[in-house]
Amino acid sequence: MVDLMFEPLLQPIAIPLVAGLVCLLLPKTWQPARGWLTCAATAVTVMLVWPLFAGGSRTSENGLLRVDQLSGFIMLATAVFALLIAVYSLDYMRDRQGQRLYSGCLLWSLAFAGGALLAADLVLLVVCWGLLAATLYLMIGLSGPDASDAARKTFMIVGGSDTLLLLGTALLWAQHGSTRMDAAAVTLVSATDQLAFFCFAAAAFAKAGVMPLHSWLPDCGEKAHAPVTAFLPASLDKLLGIYLLMRMVTDLFVITDQINTMFMFFGSVTILGATMLALIQRNLKRLLGYCAVGQVGYILLGIGTATALGMAAALFHMLNHAIYKSCLFLGAGVVEEKAGTVDLDRLGGLATRLPLTFASFLIASLAVAGIPPFNGFASKWMIYQAVIDSGQSSGNLFWILSLAAAMMGSAFTLALLVKVLHSVFLCKPTPHIREKNIQKAAWPTALPILLLASLCVIFGIFANGIPLRFLVLPAIGQAVEFPGTWRAGRASGLLLIALVIGWIVYAFTLRNGKLRRVPTFIGGERLDEARIPGVPKGASRHVEVTGVDFYQTVEQLPVLKPLYVLASSKVFDIYDRIGKVTAWLSTLLRAAHRGVLPTYLGWFVLGLLGILYVIMEGTP
Amino acid sequence: MNEIGLVIIAMGVIFDLLGCIGMVRFPDVYNRLQAGTKCVTLGVCLILIGTMFMAQTTPTRIKALLCAIFILLTSPTAAHALARAARVTGIPLWEKSVVDQFEAERVQ
Amino acid sequence: MNNLVPLLVAIPLGVGFLIPLAVRWKPQMAELLSNLALFGLVLLSLSLIGNQTIYHMGGWPTPNGIDLRIDDLSTLMLLTINGLALIVGIYSVVAMQPYTSQHRYYSLLMFLVAGTNGVALTGDLFNLYVFMEITAIASYALVAFSGEDESFEASLKYVVLGGLSSSVILIGISLLYAVTGTLNMTHLASRMSEVGETAPVKFALALFFCGFGLKAALVPFHTWLPDAYPAAPAPISALLSGVVSKVIGVYVLARLLFNVFGINDDMLLLMRWMGGITMVAGGLLAVGQWDIKRLFAYSSISQVGLIVLALGFGTTWGVVGALYHLVNHATFKPLLFLCSGQIETAAGTRDLRQMRGLGRRLPITAGTCMVGSLALAGIPPLNGFWSKLIIVVVGIQTDHTAWAVTVVVMSIVALAYQLKVQQRAFYGTADAPMEKQLPVSESPVLISIPMIVLAIGCIALSLLALSGLEHPLLVGPAADVLMRGVWKP
Amino acid sequence: MNRFVLFILLLLFWVLLTWPTEFSTSYFQDLSIGTLVVCLVTWAMGGSSASARHWLQPQRYAWAFVYVFVLAAYVIKANVEVAYRVLHPAMPIRPGIVKIKTHLKSPSARTALCNSITLTPGTLAVDIHDDGTMMVHWIYVKSTDEHEAAEKIIGRFEWFIERIFE
Amino acid sequence: MSSPQETHGMSMIVKTVCVWVKGFILLYGIHIILYGHLTPGGGFAGGVIAAAAFVLVMLAEGEDAALKTYSRKAASTWDSLGVLLFWLMAVLGVVVAGIYFFNFWTTSESARLTLFSGGIIPLCNVGIGLKVCSSLYLVTFVLTAHRWHLDTEGKDDAP
Amino acid sequence: MPGTAFAVFSSVLLLCCALCLYRIGRGPTAPDRTVGIDILGTVVVGFCALLSLITAKDYLMNVALVWALVSFIGTLALAKYLERQQGNE
Amino acid sequence: MIYSLCFLLILIGLYGVLTRQNIIKIVISLLVIEYGIHLFLVLQGYRTGGTPPIVDSSIDKQLWLQQSVDPLPQALVLTSIVIGLGVLALMVALSMRIHERYGTFDIGKIKKLKG
């Protein structure tokens, strides 16, 4: 028992678990104490995880827990994110309902994530996986009355995937007699093994938000509190989903080419579909949710390449994605908190009012879009490389499509983030914003955002030096060849120089007011002379391009329009589809239960006859 | 004793049969009751008396006697109750009946 | 010690008849006496753990007298029955206050427990029939107890279908008696192997399938259940769903098939198909419900289907899974029914469409209900997960992967309807009229304790899994009893 | 029925019921329990306050004894008559309900009368009112006049029953 | 409860016959109960016959007369007491001999076949008889009483 | 000799029962059926007595007695039921 | 021959249960089924047991005491009748309540609970 207590693998699970319990038990009025306890517990967890991460592979005495480079790395990331979120929540949750449950769930999520990551046994993994679904459900649910639908949907998909994980585990267990993660990898020959693989894949896809199991993510992003989304769907669930996928690919199964192609296919579809859907969103958080889905596609592409480079790229992208997407969600949280809305139509001009948030948001956005020198570019670049590389070596032409999808996805992402940046921060403040007296964000809120943004920069500039070298490549465990290396440091230096020059030019020219003012032109006409229907000539006029309006045209494009129409009627939402079919079956069955006793008696006799037939005749 | 018993039982059985035939043949409830009650009561009482003669033990004889008394007491009562119920319910007499002073009185 | 065995039936019967007298003295005697009796029964059942005896009523030897049989399986059943009954009895103290003639309720409850205990104990086929009928009659009356139109309708349907099934069972018993000349189950088992699989035996078997299938609510004999459970008072729904239909349906069927007839492939096939269809139909029907108790009732059907399906896999481990799930179901489904009672009291309706945001006013109900829901949906680490895991693994092991997949799919469906309840009842904010109607504070202690105990049970029963998934405490030995096969004298 | 009389009759009934195949000392058990039980039943079922005087007049028993034979004769006659009507192909019946009046007062007497006429030739008591008017179903109505019918139907019994019961 | 006309029972003749025979029927029922171990029948059959006596009163003399003879409360009390007697006999067996329904009050072999020879069996039969008689009476009562106020009655307590 | 006689008696009584059943089934009115039931009850009493002779079983005499009782009460109940039917209409 | 009578009774009852619309008739049909079963059980007793397990004066008591006759079927039937009576009483009471509330005995019209 004492040994168990000092088991280093158990501590990072036990500490947050106990702390969570304490949080739940603390009286309602002790909120500050609870907040600080959460921070402290997560910080301690980070400290406890560090030696695990640094210490290499080991297995616990009872064989139930195990850590290696991969899980250590992800575990560390998880703990760090938890710490950041805990700090952020100090202020964010101050005046909100359900703090007690929130703190408890936050810590427990960390604990269960630790359990899932450190599990050496699939059953433990399944257990923690399901518990995470439950905490996620609770955390979304406490985000207010509107969130209940999102919570239900999330739990349906994520909890349902847990059930599939159970089936997968059971299949492996029944077929191979072991639920150890480090048992011999299963070759996908028999149908049951393939079924098991697909169960695992579905679970990982659902957790990570790969299409078509993505639909909980936008809902959740829209409805849940920003830190909740930033913590669970944006970082923790991604990390776990990808972790499971990596485990499947590296330890559990022997992957075939078809599987890889399938991964790449789903990756491409996810990239394109999610970013296109994100493009037309008007809700900032929902848009970010779709965006988050899209980024998983890249990771999947990386894994699908089945090369060490691809894996490394995927892991790196996963980390990066978690960083910048958390940053974006936390930023969105600030926006929501300060502006009282996340409706893009009602936001605007926050750049001056929330400068730090804007800066972080800008960095993270550029990172998402894959603009150098930020981290997103580094990992995406690796992914492109890996796709090209593996495609050329395998001769399967699918890689071209994938690459095209990835490129297009990047373009779309850039477009949609420009849209966001424009309509939230840059465009003219809407009346709604003008009315608000917007204060700067408090330090506990600002600190994590700034930290994450700076990570975006650091991991971008020193991609080879820090994240790849210390975090990603050890986790891959094999040598990675970089065919056409992006010299991130040098390029960044050049960019920096360019920026400095640009600033100097700006400083010496523009700031002195030596500007040539020109009339506004629209469509080749001067604005104040242009004929605008409904506006009398000479009347005061100005043009507001809110960004949203601009992208409405995208919706109307002839090829995309039908797709968007279908999407808005939830045709691509697997949750909705299956729900409809189930409801239809249920209605059918209910109609058969007419409430009339003779009918039921008739069923009784029919049943009796059926049983008689089976028993008397026997079976062949 | 046995022979006497047998004869009595035979008579009883015959009366039973006659009563039942009457019950089937007669045209309305009241006549059927007449046939049924009288003949079947007597028939069964005769059977019971015959049983008294033929039974081997005293308790059985006593029971047969008690049973006969009981039947004699209750059978006409039941018939009366039935007839009254039929009449109250308004079951009409046979159409060839000559008189119905019950109905006449009720009409008054 | 052994002499106390029949007390398991005698105490509740005696108390049941004593209650009408005792309430003349003091009306509170009804709940007091019945809860005391139930407490005693729990202690008695606890004392039986590990016991293996055959008790001869009146001291007659096996073929002539009536046997009571204690083995690990019946002990497991007794523990479940009496434990749950005690919880329900405590809950009833407050929950049944609004009803008139409470003492009848407690009498009937006692008869229900007596009958169910008797069924779990008896080693005589006809005696089993008698106890089953006692149970059934008490449940018919309890279903009608609330005195609403629907409860009478439900009870009538239950009574007609139940009566028909009892007749069918009695025909089966008569046939067996005609063929073998004995009704003692041990004796019967040995005679059966002498007689062999003749047509009358098979016929009787089919009749048992049908009759006990109705008691267990297997499709297509399930139609009484969705009417009866919602109509009954919440504690009774809890008891009926938790143990009664399981004991007089599933337990008896398993006993007869495994220990008396001797299991064969035809029976297993039938069990798999009946159980599987029941599971699917029940789950699908539950999804479409708006009446919270009706939803839970259909979910009960689905779960019983799962149990029978697991029995139909026919291996020891399959039986372990089935029994484990049976015990688990006896924690989370009663919990859900008790919660539904609280919800109904608070909201004044059972229609999920008309509720919203009860969670804030009923935190204990919301919390415990959540635990129950997740346990039923098989979310780890709650007890439902472990039994489902076992069942799925066994399904695959025995080459019934399709059924295993179905179990998993229905698990997701279960999650769907449980989340429907959660979302509709507890999340969101109550509208103004509902808000006004809601109680200011959570229910009294005597209501909360049973729910909390059951919720803890949902968590604690997973500890059984830790004692070894292949042979958990209590459940494993009970499964062995069935798998040891036909009884030998 | 008077309680004492009831007690005696019930005790008699008990003795008849428990009549053993051969008497022995153990019969005492049955008798003592019987007395106890009979007391109980008398207490439970005894009712009216009618005096026991009637039961102590021996002439009533004598008339009753005679009446049994008279009644028996009529019963047999009645049966033969009905048998005749049943078996006759033409079914010679002439039914109807006639009204008659009896001067008997006590319920027992009236009951005895009614049962008697029900058991005897062609008549069936349908109803009796408090004033003594009776409705009688007659299988072969010989007279519709109240007095004449009364004479034909009940005249032969009324006399005996009055002596036995009133 | 019910209109006076309806509690009257049946015609004078039926009433009188009822008065004559009811005591004998009850006694006969008790006889069957007490001698149940020696002759066929026993508690159940005897109970039915005893109940028949009361049911006869209810039919012929009316509900009120029946209630005067055997009140509802008395019936339900005896009902419970009957069962408890039976139950007591069963459990006493444990106390005396450690076996349920142990016939702890038997006489010698030679003294069998008399009233007291049955030991506890007659007592059990008495219990059953009380139970059967009272519940049958109550059931009949409830069923007939119910029909009478079919039109006026609203909700009654549960069955 | 008694054996054949009893056989004949039994068959005749069975015939009686059949006639009663005919009346019960045929009706035409409810009181008609009730008459059939009443008479059937009485006939069965005789039959029981006869059976007790044939089989030499004492207890059948008890059955006869009980049957007479039940039949009487049943008839009264039916009669009362019929009367009340009329009263409700 | 008489076994087919039991069978017939059960079938008639089953037919009645399935086809009748009136609750009371359904209840009666159930009773018929039950009687069929009871008849069958009683027949079992006569087939297997020699003398009925009943003491009466026509049997040598000492002999009877030594004999171990199978009293089961009668006991079964008796118990079964008692149980049947209980169920019957319940059914009738329920039917009456239903009639009171729904104003009908027609089972086809009693369907508030469905789906």
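Each chain gets a letter, A, B, C, D, E, F and G, in the order it is written, and its residues are counted from 1.
The criterion applied here is as follows: a residue touches a chain if its C-beta (ideal position, glycine included) is under 8 Å from a C-beta of that chain, and two chains touch if they have at least 3 such contacts.
Remember, predicted model here, so these are calculated numbers, not experimental data.
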item	value
Minimal step count in the chain contact network, chain B to chain E	1
Chain D reached from chain C - shortest hop count over touching chains	2
Most widely separated chain from chain B, with each centre as the mean of CA atoms	A
Pair exhibiting more inter-chain C-beta contacts, A-G or C-E	C-E
Chain separated most widely from chain C, comparing mean CA positions	D
Distance from the mean Cα position of chain G to that of chain B, given in whole angstrom	30
Computed distance of Cα centres, chain B from chain A, in Å	95
Inter-chain centre distance, chain C versus chain G - centres from mean C-alpha coordinates, in Å	27
CA centroid of chain C to CA centroid of chain F, Å	47
For chain G, residues that touch 2 or more chains besides their own	17, 26, 54, 56-58, 90, 94, 97, 110-113, 115
Residues of chain A touching at least two other chains	590, 593, 595, 597, 601
Multi-partner residues of chain F (each touching 2 or more other chains)	56, 58-59, 62, 65, 69, 72, 76, 79-80, 83
Chain G-touching residues of chain A, taken from the complex the two chains share	590-591, 593-598, 601-602, 605
Partner chain G, residues of chain C touching it in the complex	64, 126, 129-130, 133, 136-137, 140-141, 144, 149-150, 152-157, 159-160, 163-164, 166-167, 170-171, 174, 177-178, 181, 183, 226-227, 230-231, 288-289, 294
In the complex with chain D, residue positions of chain E that touch it	11-13, 15-17, 19-20, 22-24, 26-28, 30-31, 34-35, 53, 69-70, 111, 114-116
Complex contacts: residues of chain D adjacent to chain B	13, 16-17, 19-21, 75-76, 78-79, 82-83, 85-87, 91, 93-99, 111, 114-116, 118-120, 122-127, 135, 137, 139, 141, 144
Partner chain G, residues of chain E touching it in the complex	38-40, 44, 109, 112-113, 132, 139, 142-143, 146-147, 150, 153, 159
